[in-house]
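Can you keep this structure in mind? I'll have questions shortly.
Order of writing sets the labels: A, B, C, D and E. Residues in every chain begin at 1.
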Amino acid sequence: MTENDFLDNTTIIKYSHSNYEKTDFASVSEIDFLENKTTIKWLNTYGIKFHQAYKQVIIQNKLDDFLIKLLSDEDHPNKVILLDDLLFVTTRVLITTSNKLDSEQMVFIVSPTFLWSIQEKPGDYFNWIRERLEGNKGIVRKKKADYLLFLLLESIIDNYQDTYEENAELSADKLNSTHIKPTPEFTSLVEKRKQELFNFKKATMSLKDTIVKLEKMEIDGFDVKYFSELKEQTNNLISNIDFELQELESKINLIFSIQGHRLNEVMKTLTILSVVFIPLTFLAGIYGMNFENIPELKYEYSYFILLGVMVLITIISIWYFKRKKWF
Amino acid sequence: MTENDFLDNTTIIKYSHSNYEKTDFASVSEIDFLENKTTIKWLNTYGIKFHQAYKQVIIQNKLDDFLIKLLSDEDHPNKVILLDDLLFVTTRVLITTSNKLDSEQMVFIVSPTFLWSIQEKPGDYFNWIRERLEGNKGIVRKKKADYLLFLLLESIIDNYQDTYEENAELSADKLNSTHIKPTPEFTSLVEKRKQELFNFKKATMSLKDTIVKLEKMEIDGFDVKYFSELKEQTNNLISNIDFELQELESKINLIFSIQGHRLNEVMKTLTILSVVFIPLTFLAGIYGMNFENIPELKYEYSYFILLGVMVLITIISIWYFKRKKWF
Amino acid sequence: MTENDFLDNTTIIKYSHSNYEKTDFASVSEIDFLENKTTIKWLNTYGIKFHQAYKQVIIQNKLDDFLIKLLSDEDHPNKVILLDDLLFVTTRVLITTSNKLDSEQMVFIVSPTFLWSIQEKPGDYFNWIRERLEGNKGIVRKKKADYLLFLLLESIIDNYQDTYEENAELSADKLNSTHIKPTPEFTSLVEKRKQELFNFKKATMSLKDTIVKLEKMEIDGFDVKYFSELKEQTNNLISNIDFELQELESKINLIFSIQGHRLNEVMKTLTILSVVFIPLTFLAGIYGMNFENIPELKYEYSYFILLGVMVLITIISIWYFKRKKWF
Amino acid sequence: MTENDFLDNTTIIKYSHSNYEKTDFASVSEIDFLENKTTIKWLNTYGIKFHQAYKQVIIQNKLDDFLIKLLSDEDHPNKVILLDDLLFVTTRVLITTSNKLDSEQMVFIVSPTFLWSIQEKPGDYFNWIRERLEGNKGIVRKKKADYLLFLLLESIIDNYQDTYEENAELSADKLNSTHIKPTPEFTSLVEKRKQELFNFKKATMSLKDTIVKLEKMEIDGFDVKYFSELKEQTNNLISNIDFELQELESKINLIFSIQGHRLNEVMKTLTILSVVFIPLTFLAGIYGMNFENIPELKYEYSYFILLGVMVLITIISIWYFKRKKWF
Amino acid sequence: MTENDFLDNTTIIKYSHSNYEKTDFASVSEIDFLENKTTIKWLNTYGIKFHQAYKQVIIQNKLDDFLIKLLSDEDHPNKVILLDDLLFVTTRVLITTSNKLDSEQMVFIVSPTFLWSIQEKPGDYFNWIRERLEGNKGIVRKKKADYLLFLLLESIIDNYQDTYEENAELSADKLNSTHIKPTPEFTSLVEKRKQELFNFKKATMSLKDTIVKLEKMEIDGFDVKYFSELKEQTNNLISNIDFELQELESKINLIFSIQGHRLNEVMKTLTILSVVFIPLTFLAGIYGMNFENIPELKYEYSYFILLGVMVLITIISIWYFKRKKWF
């Protein structure tokens, strides 16, 4: 983790309404947020372990030294902390790479005139913003660093939204209500999806928490309306997730109801058949006994009478079940 | 999406206590919210994709340029954002067209002296308000744009209320508690209704959120009391939905209870019959054996004694079940 | 709905520390809240449809004209809206008439010096307050209109409390835990009571909401302490309802537990009997076969040996179930 | 309820850093909170029905006359109401007398310089505080009436804590998880304990509500820190109750799981046995038929071949169940 | 509990940007927080029962005398109370000693210039902080006592995090979803883990409460950002615990689903077999009867015809079950 590694992974973009400039650095000591307050500076670093370089940047730009402690803590999923003159935001971002859910730590250190973004891995996540900046598209070059932070966070939310929609479609196919099966395998699929959603909701909720905190903090030169817009976007995503969770709960209810119903059906079949045949079999058993003196055995029509009795018993049983509405 | 399409779909109504005027535009540049602050202006556009025209209107009327970004985002269900000098409200509205639930995106941009409503589809949704304005009915012409917004939102809530009541009646027929059946089909109907309600509640909740935010925002020239009134109306609707949800939960409980009860009934029938006949059949089996030396076979009254024993066993079994309160 | 109907159903009581006067009106134009601010005026109207008369009263007393809109909306269960110089409160009140739950809409329009109550139906609901006023009992004549509103709302809460207690006693008899039966009929009774309670809780909650809003609103000349007292009363009622709801949940749990237990008992009986007799019956079947060469059939003591074996099998089965703690 | 009864049940303690004096009264008119503001006065009355005397005390000490109304309402479980210059607190306190849960109504009327406690029944509940006051133990004599209220409320919470712990131990013995039985009787015990806890939690919650309100009210001369301390104590108690409730929920889950498991075990036993013997019995039945021409009956080794086949069928059945992991 | 015991268990560390000094005391009267406000003083005591010494320290340093009462209450799990010029924090800390969960009471009394920590048991819990102080590592020597409190609380949270992760791994092994078994033993394991987690969550929640209160209290010379950082850390831990709780709930659902499914499987097996064999056995019984006149018995091919009929019945039954999708 030498200074050179840090410099290789760091670029700065300086822009104002009329200018745009992208540069690298020859040494850490060149990084200067303080000069020329009318230009917005966006410093971007790939890699979260350049502690020595971070410390140097913080000290030479006279940023709050608590940042050194905050950046040295490598396991910090989601935080937004208001320091004296700037904002420290860190968030764990879900990223879809080749159809698998991965996550990446991102850190944003923002003041009204500069934004320092630290991404865990190199990537083209924010390239569209760089293009807007360079091409002076939209209103970004007319605005301060708060609008830049807004665009960065909006890409994260958009990515969440897209990821969620892809996964939701995938699971909707598998868990389609037309083939609900009351098996542990199906239940297991539903529960697995529920946990995926909880995970997703957890990530979105903590992102929303971050944004709500940003909305509430009153920092000079920061415009609340951008964060209001972001909050509404996360709210929409969360309410979609909640709705799918509710659907899955319904499916669990249905599974248990189907199980209970099937058991009832099975037991009714068994019971009806048993109730019909058990007495008949008993009667047959009676006349299969070998007692020497069973008078009925000798009457010529006994057999046919017995068959008649059996038919009668069957009819009565069936009539009984019909009346009890068993089938 | 030419400028002409936009002009074809846009009208403006200008009114004050004493005047009412409805006009079209020959060109976008004629749209002017700034002149004559004593007249209230209501601009209505059908269609949400005239981004170029929107931009022009925003710039020539010196509205907050963040509106350009907000209007270009086409997937924005429910938001209320306070901009510097105006309010941006967007909401997805449930609409019943020929007995099917549909939805439409609506955008309201409001200041104390003008209201710009953008509807996704042409329709007669707000015609009754135009009639009140033209005919100077009620108090609308005496009030500012906040009262106009109040009337627009009230029509949306009224439509929700009506839609809910229609659907509730329909489902009450199907799910009437007098014919609760413990089948997966019935459970499925209940769960489907629950999801309809969740959907409905979601829409109403987000409308309420919008209104609560309107109530809290302190904008010069906006009167909080109108939004209090709207909030109370949505609260009533939500509490009705919650009550029906609770009723459906009760039905699910009843279904499971009926299933359990039926299973018990079925099993009791089977068990009583089995318990009575199994020993009898065994006894008949004993004396059906072909051993050469079974002394009982030779006694003259064996058969009748055995029949007596069988009757006795039956009586004892039945007495036992009676004592155990099985029937 | 003529002016005369309105006048027939309207009386005014004017009182101060030393005076009390009750009058009718010859014409709507006589109704005057503005004169003599030291007297408290309580206007009472039976009937909620005198829109024309309402409008006239509102205009001639220079009350907020939004009241016209609020009073014309006939379907407004529970609201409290702070208008410029007065308070609009409407609430749907549960009323017990001859042991049946009914409900009535009540509207209160209050300022520090007058109170206008509009009841849906004529009744003696508030007569005890009129008597206190006339007889100068308690402290009511020393206080302003806020205390009068307090007394009116207190009678509503007291009526709720009484109604709840009556019904609770009634249902406690029917749902007494000593005769919990695991039948769908009993479950249905429990669920019906739960819905009654939800209904009751809904009404009480919205009354509490009304009161909480009254407590929070800071109106000149209104004393918060009266509404604190009312809030505590509703809280007590709600906590009683919650407690009964919890009891009913326990009963549902018990019902399912009893169902499960009974099924287990039934199945154990069936299984023990089957396990004992099935092998015995099989053995009897073996020696009932007609093969010409079954050596055992010819030995003299075969039958008795077999009977011994059967007794042995029975003993072993029973010992096995005893060890498994089946009975 | 004469004045004398009231005087017999009322004592006053006056104390300051250096003095302590306990006196009775000869007449109600002697009760004077107003003189000598440097002495703290603690008036204690046993009995909540001396309405006439209460009224006289309130009037002659110029206390808020709303107190007359508040004290005349005899059914007021839990309230804290801030009056102009003093605090009205009433709470229903659980008391253990000879191992049974009882409850008592307590009222505290407090200003910075006096405290009037009204207890429903005579008792030695607060004697330890009187002793501290008389003996000048701790810091109570150095503090104002707010510290006295703190000690009074702390004794109530301590009593709750003790009562809870006693009962928890008792129920832990009965509901010990080592002898969970899936019977309705056990379920009923668990549900009864849950209701006891709900009751207890209700009481503690309303006490906490009282304290939270005390903490929030900003009264001159009252120190918030005492009520913070009390709030923490009730929080601890509530979190203990919640934990036990969660344990009981787990037990209910376990009971249902055991019931389901037992049913499965019973049914498996029955099914395995039936599956093995039913085909065998059928085969025996076949060769027990009396057709004149059944060729197998005449072959010499048929019987032994059949026995072999039966053994084979049994082995296959058992192998099948083994593979299906039924045992 | 002599003064000497107290002195043996007490050390003080005094530090500033440039100095570090660690000393013991010869007598309690030497303990002085008041002199030299530029040095930060950290007093540490092992043992929570030195009430006499505590009292002396409090009085001679003119600390709030309510501390005497707070420290004398030995059963005080979690509290944070703002006193006039300092903060009283007490928390029950989970500690892992040789793989068993234990807990220890910790008390912190903090002002901007001193911190007094009281630990129940001697231990090396905070040694790493002492080393940082002595070696002047990090930024701790540049900061005030609030940063020291931050480090102390951070070690507690880190310990929680580590303890949680160890236990989670352990239980993940035992409760792995690949060997979910629908037995009461497995359910019991899941429920036990749930209770462990509730316990853990309870501890973490109350720690978070403590920190949230610290964040909200506005004390001169205390920096809110440190407590924001701690709050984020506890939030992360709590959200991990919640996620595991949700997983366990899913497992309970799965267990019940598996139980229901197994019962269905068992019952289907039994029923199919019974339905096939019961009629066949009955037929065999019919022709096992000993009536003298059963014409079928004498026809030469009766036996083979009957066998054919039996095969037919079997085929029809199996076809019926296939159509009903039973297997």
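Things to note:
As a convention for this text, a contact is a pair of C-beta atoms (placed from the backbone, for glycine too) under 8 Å apart; a residue touches a chain by one contact, two chains touch by 3 or more.
Values in this document were obtained by computation on a predicted structure and should not be read as measured data.
The minimum number of touch steps separating subunit A from subunit D is 2. Chains that touch both subunit C and subunit E are the following: D.
With each centre defined as the average position of its C-alpha atoms, the distance from subunit D to subunit E rounds to 24 Å.
Work out the mean CA point of subunit A and of subunit C, and you get 38 Å between them. Residue positions 256, 260, 263, 267, 270, 274, 278, 281, 285, 288-290, 294 of subunit E each touch two or more of the other chains.
Chain contacts here close into one cycle, and each chain has exactly two touching partners. Residue ranges on subunit B touching subunit C, taken from their complex, read 138-139, 142, 177, 224-226, 228-229, 232-233, 235-236, 239, 242-243, 246-247, 250, 253-254, 256-258, 260-261, 263-264, 267-268, 270-271, 274-275, 278-279, 281-282, 285-286, 288-294, 326.
Across the interface of their complex, subunit C is touched by residues 64-66, 68-70, 76-83, 182-184, 187-188, 191, 194-195, 198-199, 202, 206, 209, 252, 255-256, 259-260, 262-263, 266-267, 269-270, 273-274, 277-278, 280-281, 284-285, 287-290, 294, 296-298, 300-303, 306 of subunit D.
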